[in-house]
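Structures incoming, each one as structure tokens.
Shared between the two complexes below is chain A, which has chain B as its partner in the first and chain C in the second.
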Partner chain A sequence: MSDIDTADPEIAPIKRPVRWHILVFLAPAFLVYTAIMILPLIETLRLSLYNLVDGETVFVGLANFVTLFSDPRLAANFWNALGNNLIFFVIHMLVQNPIGVALAAMLSVSKLRFATFYRTAIFVPTLLSFVIVGFIWKLILSPIWGIAPSMMDWVGLKWMFAPWLGKPESALITVSLISVWQYVGIPMMLIYAALLNIPDEVLEAAECDGITGWSQFWKIKLPLILPSIGIISILTFVGNFNAFDLIYTVQGALAGPDGSTDILGTLLYRTFFGFQNQMGDRSMGATIATVMFLIILAGVSLYLFVIQRRMRRYQF
Partner chain B sequence: MTRLLKGMLFATTMFAPAGAVLAQDASLTIESWRNDDLSIWQEKLIPAFEAKNPGIKVTFAPMAPTEYNSAVNAKLEAGTAGDLITCRPFDLSLAMFQKGQLAPLNDLDGIKNFSDTAKSAWTTDDGKTTFCVPMASVIHGFIYNKKAFEELKVEVPKTEDEFFALLDKIKADGNYIPLAMGTKDQWEAATMGYYNIGPNDWKGEEGRKALIAGTQKLTDADWIEPYKTLAKWKPYLGDGFEAQTYPDSQNLFTLGRAAIYPAGSWEIAPFKAQADFEMGAFPPPVKKAGDTCYISDHNDIGIGLNAKGKNPEAAKKFLAWVASPEFATLYANSLPGFFSLNSTAVKMEDPLAQEFVSWRQNCKPTIRPSAAIVGRGQPNLDLEMWRVSANVINGTQTPEQAAAETQKGLDSWYKPAK
Partner chain C sequence: MATARTSYLRAGLIHVALVSYTLIALFPVFLTLINSFKSRNAIFREPMAIPTPSTFSLVGYETVLKQGDFIGYFQNSLIVTVVSIAFVLLFGAMAAFALSEYRFRGNLLMGLYLALGIMIPIRLGTVAILQGMVAAGLVNTLTALVLVYTAQGLPLAIFILSEFMRTVSDDLKNAGRIDGLSEYAIFFRLVLPLVRPAMATVAVFTMIPIWNDLWFPLILAPGEETKTVTLGAQMFIGQFVTNWNAVLSALSLAILPVLVLYVIFSRQLIRGITSGAVK
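Presenting the complex of A and B:
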């Protein structure tokens, strides 16, 4: 055994210098990310376990969560917001992503003229500030100053116009569609990139076997872009359950009419920061934020551990 | 918006102390939600004070009204708030005083210039300690387009029947939208609707006090009646009023497209600046001719002393000036529609403001029912009333459902003293 200890230096593994530069290069991102993302997250989770009792912050365990789900008013607000949030998400999944895929499929047709123009035009709203998007659409749809009523009048559809943003039954759908309009460029770009990645040999082979046009899309291209669609779904999920900005600009913090556009983000804002005469409640706000975090975590885990593992990947 | 709020908190936290250090003299910061009045403070009120008190520098630092309460509370807790805090009436400021954030002002020079009614909004429940200097009240009513009324040859309505007959006439003529109000922002429905016309039904202070005492409930006929009247407004509002915001309504009226605007007196100054027609005003119509009329004359704004402020002496000098008749005249005339609460009579130049204030002679004043004592808990009664009033006008809730919902919310935390 001793001969190993006193091994010939030529056989011993070459001692590599400590690679400090890796640490140095990682440090800024790590520090910034910790300071502005991880610490606040931990602090929020911690805050949800504390509450003000007689002006003192004390540890209350899960009491805040019990209050959130047992207080009739808070629970009703929460379930209403969660329900609306689900509808918001479903509309994105059913409208935004299929349209995104369809647009990408059309753009990738090589015979299409002005493809670059379309691609840019559809992607531009994504780059606009939500404040601009919110106010533009609020103005377009305004029954008083908006161009929507007069444009519908030109084609004889004035009777179909309604103050959509002000009606409880249509407000949420309208806001969701505004958001779809803004963000449809993202699935389009991702799918477009995935479609361009499909090797021409595969498509040529398919053509030799007589698979062209629509059946080529369904049988060859779609299975190959499924992983991208999965990523888009999970991005949509996280984005929608964190959404706040567009609803706030279009409908205000009360997310009216009658709470019909209230999603978790706006509920969190009103609870944490307060609104008008209602005082902010930090602990309850943190509790709602924690629940939101858990919902998103559950969704992402479901995707990572259940769906993604079963997804078939093709290597070329 | 959150980012903006945080930015403002950060900026005021970081730079306010820096400013105090740089200036040799005492410098005061006024925390306020009146961002509409920024120029009036900067150009008229503050120079008038600084001219008389060399060595004191005053900064007016307003923020968005809906964010004011939570932001100023956060600043008070963090110890970064300015020396002077603009006070919301009743329960919100009382909570600040009880937490020791506002200083008592009983011995302030000039606090005797105010009647007990004026001070009631910023006095403890036992009536002993006053903690803010009352600045102004606002009165509710209806502002109308005089030109439109002349064209249609109609008169100002005295009773509710006349009011609806008038609305019918304006609607039949078709040139004007009878009532300029929307329900999208919700608060107008309660503030310019329910709180405006309601006092005639619940008999002002009588009903309000009975509600606090628990001898009346929001589900009583007197409290449902204003919702029923509001529900009747629906056909007279503009097309698509459900999506009409507060600025939309203001613009509809000042552009001359609407005949009547359910208003608060704070609209007078901006309306004067924008409308190019003559305006008049009338108080909420009574049920039957000869009934006593009640108006909402709401103590709306006061100013208090941050108990942990850095320059309490200079701040007290400023507050004493705010309590003086000189300030009252200056303020009431720079901001017609904000009526001085000072006992010294203030001469106002603006005819529309005079019209509003003249109702005090015949009608009994009251304050908004959700402001004092019943506005302390969760759910907040004021916000609840915004929501149900908007629902009633939209027709998504009946007046009875609306009343039942607000009473249920109130019952969940409020136990009237027996």
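Presenting the complex of A and C:
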């Protein structure tokens, strides 16, 4: 580290000039970050404990949360959104991350031709905005245009086609799969990086012991990339419980049909801003945001303090 | 001999799998782009065909440019993105330098505090952010978006840049100090040029979510004057749902700049990810 600061002030009580430059270096980032991110977050948490009573904002304790969990209309919406959000997350974990790992495993096969091309191409959807992705898939799946049914006709599956986005039972799965399509690039890249970091000696040693191909992947590589799988899981978790744009674009703020694709992000938007004949409610919006905050915090803490601690890391 | 054959077979299977997934990834984008250059009839009659002279038409683009102020939206997106990235890089690098270079009381705590935002999304503070922006009179200004995106980008930028700054040699900085350079000169003239590759990586990571964001433009700056491309396209398409030419052209216009930038910066981006910048 720096030579100015090698002496411990406790041992050598020499009066040092205040190092203003440290303050100057830290101040802009600290101020912007605190003012725009941390304070509003705290303020939002605080607002969830207040509500309007006779036109005045008063402290109501946990009454907003009680309303959120028990008011017939609101609670139904909330539990529905939370349930949908869980399904949304589970689909990502079961489809997006395994596909991402599989693609990364194939890409990292040594001396594979065109690997750069595949990698670049598969990452393209990840760069597009939800708005673009949402509308493209809406058009493709639209029965009016007929791209999806005619493509399914080629493989003789036309009878399976249905307006998936319009049916309550299939809409959530369809939207989740669109999101998976878009985001598969992220697990792919992170796992690919982790696979490249495995030293050749380890793989050569495995080959000497006759462990190749499939069993090499399962027995050697997979245990070594487990920490990265942990990271993509927590990234997926945070991203999913905070998602909004795709559902808003594809299904609108009401997250139809019949609320079947409503997740916490869209519920927050509708509650906070109001929609159609429903009035916007700031306190309730803050309450939902607080619940989302607690869910994300719980997930991140579980990851940091339980999963990451238990995970064995290998140093090369 | 047998192993050689199985390895060929394996490589073949891998290529088949990767090519199929590449098609799945690119096909929707390709489909949108080709159909945006076709006449309405051709879009429905032969959606898969590449535009030919007889089906070629720019009617969609004409509608888009006449009806929506896409050039204005582009300008807004560009201003917001570029200014935010500039602030994120400058402030982020300064803070990262302070954290990685100096030992002072509260260093670790400050680092943890600034890293909180990597995991906790800024969106959750929206209720109070909007309130604050209303109080400051910043609603429907690009300044509001720049502020929010700067705050959003800083945590990851500081985290990545301080990792890189630890690798800059101490001898170099100490030589600078002996030659009488101030701490500011050491940062701006010695350290910054050396971490330029890391800065490029951070710039790309910061850019994508800003350019694509719908939430904050929708809430903080929905006015016609301050619409970004993402919001502009969203609203435009909402109005013109039945005009397929216009919708496809609007989508293509929103895709193109991202694709062009990606082609230019993809090496940088992928190297950034695979070199372990985000761990």
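To be clear about the criterion, the second predicted complex is superposed on the first by the 291 of 316 C-alpha atoms of A that agree within 3 Å, B and C clash if a C-alpha of one lies under 4 Å from a C-alpha of the other, contacts with A are read in each partner's own complex, and residues count from 1 in each chain.
The rule is short, and it goes like this: contacts are C-beta pairs under 8 Å (C-beta built on N, C-alpha and C of every residue); 3 or more make two chains touch, one makes a residue touch a chain.
Fair warning: this is a prediction, and the values are worked out from it, not measured in the lab.
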{"item": "Chain B versus chain C as contact partner of A:Tyr118, first or second or both or neither", "value": "second"}
{"item": "Touched partner set for A:Asp153, first chain B, second chain C, both or neither", "value": "neither"}
{"item": "First (chain B), second (chain C), both or neither touched by A:Tyr248", "value": "both"}
{"item": "Which superposed partner A:Val109 touches (first chain B, second chain C, both, neither)", "value": "second"}
{"item": "Partner chain in contact with A:Gln278 - chain B first, chain C second, else both or neither", "value": "first"}
{"item": "Chain B versus chain C as contact partner of A:Glu204, first or second or both or neither", "value": "neither"}
{"item": "First, second, both or neither for A:Trp145, with chain B first and chain C second", "value": "both"}
{"item": "Which partner, chain B or chain C, touches more chain A residues", "value": "C"}
{"item": "Overlap of the chain B and chain C footprints on chain A, listed as residue numbers", "value": "145, 244-245, 248-249, 273"}
{"item": "Of all residues in chain A, those that touch chain C in their complex", "value": "1-5, 19, 21-22, 24-26, 28-30, 32-33, 35-44, 47, 99, 102-103, 106-107, 109, 112-114, 117-125, 127-132, 135-137, 139-140, 145-147, 150, 181, 184, 189-190, 192-193, 196-197, 213, 231, 234, 238, 242, 244-245, 248-249, 265, 268, 272-273, 282, 285-286, 289, 292-293, 296-297, 300"}
{"item": "Chain A contact footprint on chain B (complex, rising order)", "value": "1-2, 5, 65-67, 69-70, 73-74, 88, 91-92, 95, 99, 182-187, 238-244, 248, 252, 375, 378-380, 382-383, 386-387, 390-391, 394, 396-397, 409, 412"}
{"item": "Contacting residues of chain A [partner chain B, same complex]", "value": "55, 72-73, 141-145, 149, 162-168, 244-245, 248-249, 251-254, 256-259, 269, 273-280"}
{"item": "Interface residues, chain C side, partner chain A - complex", "value": "10-11, 14-15, 17-19, 21-22, 24-26, 28-29, 31-32, 43-44, 47-48, 87, 90-92, 94-95, 97-99, 101-104, 110, 113-114, 116-117, 119-129, 131-132, 147-148, 150-152, 154-155, 158, 170, 173-174, 177, 182-184, 187, 208, 211-215, 219, 230, 233-234, 237, 244, 247-248, 251, 254-255, 258-259, 262, 266, 270, 273-276, 278-279"}
